[in-house]
Amino acid sequence: MDLELSDDQRMLKESVDRLVAERYDLDQRRGYMSQPAGWSAEMWSAFADLGLTMLPFSEEQGGLGLGGVETMIVGEAFGRALVIEPYLPSVVLAGTAISHAGTPDQVAEWLPPIMSGETICALATEAAVTAERTGETWILDGAAKVVLGGDTAGQLVIPAGDDLFVLPADAAGLQRRGYRVHGGGGAADLTLIGVKLPEKNRLSGNGGCTRALEAGIAWLAAEAVGAMQAALDLTVEYLKTREQFGKPIAVNQSLQHRAAEMLVEVEQARSAAMYAALLCDEHDDHVRATGYAAVKAVIGKAGRFVAQNSVQLHGGIGVSEEHVISHYFRRLTAIGMLLGDTESQITRLAELGGFTTAAPHFD
Amino acid sequence: MDLELSDDQRMLKESVDRLVAERYDLDQRRGYMSQPAGWSAEMWSAFADLGLTMLPFSEEQGGLGLGGVETMIVGEAFGRALVIEPYLPSVVLAGTAISHAGTPDQVAEWLPPIMSGETICALATEAAVTAERTGETWILDGAAKVVLGGDTAGQLVIPAGDDLFVLPADAAGLQRRGYRVHGGGGAADLTLIGVKLPEKNRLSGNGGCTRALEAGIAWLAAEAVGAMQAALDLTVEYLKTREQFGKPIAVNQSLQHRAAEMLVEVEQARSAAMYAALLCDEHDDHVRATGYAAVKAVIGKAGRFVAQNSVQLHGGIGVSEEHVISHYFRRLTAIGMLLGDTESQITRLAELGGFTTAAPHFD
Amino acid sequence: MDLRFTAEEEAFRLDVRAFIRENLDPVTHRKMVEGRIPDREEIVAWQRKLNTRNWATPSWPQSHGGPGFTPVQRYIFLDELHQAPAPEPVSFNVSMIGPVLIEYGTAAQQERFLAATANLDIWWAQGFSEPGAGSDLASLRTSARRDGDHYVVSGHKIWQGMAHHADWMFTLVRSDPQAPKKQMGISFLLIDLRLPGVTIRPIITLDERHEVNEVFLDEVRVPVDCLIGEENKGWDVTKFLLSNERTGIARIGMTKHLIRRIKRLAGGNRSVLAKAAALEAELKILEITQLRILDGQRRSSAADPRSSILKLKGVELRQAASELLLAAAGTSALEVRHDDAPLGDDDAEWLGTIMPNYGILRAASIYGGSSEVQKGILAKTQLGL
Amino acid sequence: MDLRFTAEEEAFRLDVRAFIRENLDPVTHRKMVEGRIPDREEIVAWQRKLNTRNWATPSWPQSHGGPGFTPVQRYIFLDELHQAPAPEPVSFNVSMIGPVLIEYGTAAQQERFLAATANLDIWWAQGFSEPGAGSDLASLRTSARRDGDHYVVSGHKIWQGMAHHADWMFTLVRSDPQAPKKQMGISFLLIDLRLPGVTIRPIITLDERHEVNEVFLDEVRVPVDCLIGEENKGWDVTKFLLSNERTGIARIGMTKHLIRRIKRLAGGNRSVLAKAAALEAELKILEITQLRILDGQRRSSAADPRSSILKLKGVELRQAASELLLAAAGTSALEVRHDDAPLGDDDAEWLGTIMPNYGILRAASIYGGSSEVQKGILAKTQLGL
């Protein structure tokens, strides 16, 4: 057991933190949101230049070969800065799916443009699509909703049956309706009517999708920690500086205790994110499945508590769009809903049998 | 709408309050518990002398013809005093069952000894008993658990199929195992093996059982209000008098706010008890069913909150058996569990469709 | 003791419901059903409809154009509006400045303002809070200097709900900076928002809507006949106003409407339905608490501090319902759709308001006395702590 | 960064588990499984078994008879005890007075007491709280007057856990009533409970068990060689003791045991199983928080104020698990059965302890620094509030 960052990890953290500190304040973020894509191509390049878009992929696949901890470091910084560029959809979700499910040839075809940042790719995580084979051609029909990043993606990864299919966003028969999502970023609803794809676009093995969802949960956990810690810091600062009745409102014991309760939740979220980061190397599917369900369940609940109370403790200013607290509130709300909310993760954890059995510890 | 007590009701309240104030403090209660039956025959006579055991029954049936509000008044006083005599089992549960399900002849046979207090009767609310008819004889087999008052009852009312059966506690084939229950009073688990009863002991119509359970919920709600209000009063008093660091602990805002949260729950419980009291005259079965489910759900949750926090705010002394707070804690816990806990009542309310439909208020 | 409404009260409820059904503009109704905010014109038209029966001013005495409702009738009336759902009469007019004009206004002021206030010919804004004066309202700094028959007012007010719709603003100003206690130097002024020196700036809230504003006052010359009550005695007027604000605030009917929406979206989802039932159980009982307080109001007109229970628990349940509605909608609620999107009549079209409304409803435990303030009131007034 | 235990640590865990399985008396084990309290003799026998491997004193340094555990080993050891479940070594001996004797005791005191304390030849009671001194411990009034080579001690101590089993009591007395600050006049004394003038009175708790006591001291003559540290410097010793008390207090393994019981009782009840899963999710993550704090302890021996998180959340989850266990048991848990009822090996026999344990576990958020105190510590030390 060793829970300190390595020197390399500390250096990565410093450079990512510096990048977002310099180029991602709330005003700059507004500027990025107002660009045609709804995010900044320039920032996207900056992330790619720093190597972030190739970070989690193995060196054999052409990536940096870094792991869950490094991704967590990036996620936490992005959460704090409320980054809206499609890192989660393209690198974490679609990238992980391709890198796990693809043959070496398929990986060599689809992954490099994602790693270079050149192509934005999106994974449909809520899809009901069927694929039928006719000769060498697959025909896809169905629909997918809330495909994160799907509004600006050049390429889509869509699960059908036990397979994943890679298709260009302009494929014939594919309709997409893109939109902004609350909390930042964009998504699309897709309709597929007789979309034709060659065999080479089929990544066999849906295990890639599971891995992608797990990586997505780990990413969301890290982002949530960044956002929650920032929201708590701002709230504590506000309690110390906001005066009413001639004294800082921090003199109110009820508010002190609430802030302490928020701290407990932030620390639990931090533990969850750390656990999620280290779980990606776990080989046992059941351990990963139960672990990620627990992580997302805790993140959802903790994030909601911190979001609601940081608004409450800020009073009126907390619901103003001009104040960053309202943006943390919205992003944390969205994070709680994405990739399975607390309720659904708990149901899943119960179905998986949880962490302990009814049997005694030993007999 | 009129939510004041009438003059008669005020007089009843005064006399019941006076009786328990004079004869039911914690030491006296300990004395009653140490008697062979686990309760005081003398107090039971005192309640009967005041007419309480005949209170809710109609004048035609030989009762006082009073209603839900009068029962609530008694229940609240009994809850405050933590009365352990079997009023709920005998008068409220068994009495209501007989008075609703019996023919005039059956009522005339079974109810008067309950109303006089001479016979303790108990209703099995958690029973799995079958009744088969052979000629003029019914044969009962099965079991019942946690029959409140069943330990000292001379007579039992047991549901089987759509009917209720009245049987003497010494019936051949009936085994009972009596015990004390947490929070006060006693109960029994019953086993019935080939218990033979004549047709006249069969009260047809299980509706009586439903009415009895509803009356039981109303009673528990009233008792809970008495106990919760007393626990809150003691807690507030303790906050004002207990000193630490040279000041009453009431100076702590977090404790003030907790007490306020307790008050909110006590007032909700009071509303629930009042609603339950007035609902007994409602003719619509569905309105009663949804109403009593809501009442018991709220009572269980509110009672638990007040019980837990009155212990917490008392600190160490709150878990001492010598302090009455610990007895309110236990009785409120038991009340929450009896006749369906919050969870099961909510499930039931959901199955009944709740209070509003998905349809608009008007079209 | 009896919880039932009288036959007259039941008939009144049906009368209100029929009136709403017949008179509420379908587009306004649809917006309310979907959780959108009607336009100014729609709100004005509806309030004028209500005013044809004196129902725009349910709490005003008959002597001043009110309907002479009993407390129970007031409750029934609001409950029907909330459940319909239909817009409430504008509260700044009807619950705030109206009663103040009736209690403290001169005959001339009543003549000038009351009827127009009821009919929404004048739309009022509330100018109380300032950036440095929230729960500590008495520390406000907007200054009023007497100059002949005018006050010259300068300052910065914030959180003016719907001030961009408003014609006039009632406001608190510091007229005597030397007063020994800060509560003693405050006056209550009415300000015409068209006067020179008034600037209204929108504040966009986290639902991306424009509902509240900042109002900057720069040497605004306000005629002295716009003073309510005595100079430097504005704090008494304020206390009177705030004590009116808290009544009937459980808004149970609004939560019922949310629960209806939850049930529509839930379909057969047992877990959501169970959570909805848990809310309904508490809501049903809160309704009884509301009736108990109403019953007390029939006996005494004094402000009932138990009203804080209605605010606290009412908001808690409404927020919980909005949260459950969001859970029932799932990720489909994440799409940003603005209030100017076309009105729909299918379920999907309802989703656009769910997340914004969940967010903005967090403000309900902040304004009108935060939940923390309510607990303090209850601890002090009810428990002597 | 790595959360995994080393191969040595995993082997150590198996070693501990095997030791418990082989050495824990079956009756003691059964009592622990059922949530009963073992007898004095059983606890003594078990601690002496542990002491054969120096495991009775997991936090003591090797130089004083401890096992030289790393923080991780300490955690694993306790976790295995909690999950087994097996009794912890008596905390008054091992976590409280032992470290105090090692830090502040004279060589003679260490010689006299340490080995006997480890082996439970002496059972210690903690004599801190008084009726008027709970969270405000420094306001204690038990007096110690010097008389030759004795202190004459009089006073009233309360909440002495297991004092009816104890031989000696470590206690705080006011030795200088004139000290300028109340913390400055306190001394730390060891008192032989067989001395004349000592009376122990049981306090029955709401679980109807006898676990705590009052101790009355009436002119008890305590030899001066029973003073720990300097006269009137007992507050420093106390602070040292209390800072040790808080480590490892999440007791996650105990909650796991409760969850096992819940799952046994739940059968196929989905609602109970879902609630158990919700607890397990939080518990799993709290375990990571525990490891993070352990990791910090490997780097620095300073008390970590984040330990308050373990206490707060650990107690919250344990109380919630006991509540869920009660719900899973249903009304059958209402039957009063005492700890002297026959030990069973079927589920039904387990029910007797569920309600008493639910009740007494409420004390866990009161003693050892109440939840309110923990929040205050976190607000102050971690947030600067």
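The letters A, B, C and D name the chains in turn, as written, and every chain counts its residues from 1.
By our rule, a residue touches a chain if its C-beta (ideal position, glycine included) is under 8 Å from a C-beta of that chain, and two chains touch if they have at least 3 such contacts.
This one's a predicted model, so the numbers in the text were calculated from it and none came from an experiment.
Once you count every C-beta pair in contact for both, which comes out on top, B-D or A-D?
Answer to which pair has more contacts is A-D.
Chain B to chain C: how many Å between their CA centres?
Spacing between the chain centres: roughly 42 Å.
Report the inter-centroid distance (CA atoms only) between chain A and chain B in whole Å.
52
Using the touch definition from the top, which residues of chain D touch two or more other chains?
In chain D, residues 372, 375 touch at least two other chains, as defined above.
Indicate the residues of chain A shared as contacts by at least two other chains.
Touching at least two other chains: 252-254, 257, 347.
Tell me the shape of the graph of touching chains, choosing from line, ring, star, complete and other.
Graph shape here is other: it fits none of the named patterns.
Which positions of chain D touch chain B when the two form their complex?
129, 132, 134-136, 139, 158-159, 203-206, 208, 271, 326-327, 330-337, 355-356, 358-360, 362-363, 365-367, 370-372, 375
In the complex, go through chain A and note every residue touching chain B.
So the residues of chain A in touch with chain B come to 252-254, 257.
How about chain C: which of its residues touch chain B in the complex?
1-6, 9, 17, 20-21, 33, 72, 83-85, 256-257, 259-260, 263-264, 266, 270, 273-274, 276-278, 280-286, 288-289, 291-292, 294-295, 299, 306, 309, 312-313, 372, 374-376, 378-379, 382-385
Show me the residue ranges of chain B that touch chain C in the complex, using the header's touch definition.
Interface residues on the chain B side: 1-6, 9, 69, 236, 239-240, 250, 253, 256-257, 259-261, 263-264, 267-268, 270-272, 274-275, 277-278, 291, 293-295, 297-298, 301, 345-347, 349-350, 354-362.
Under the touch definition given earlier, write down the residues of chain A that touch chain C in their complex.
126, 145-146, 179-183, 187, 243-246, 252, 254-255, 308, 311-312, 315-316, 318-322, 326-327, 329-330, 333-334, 337-338, 341, 343, 347
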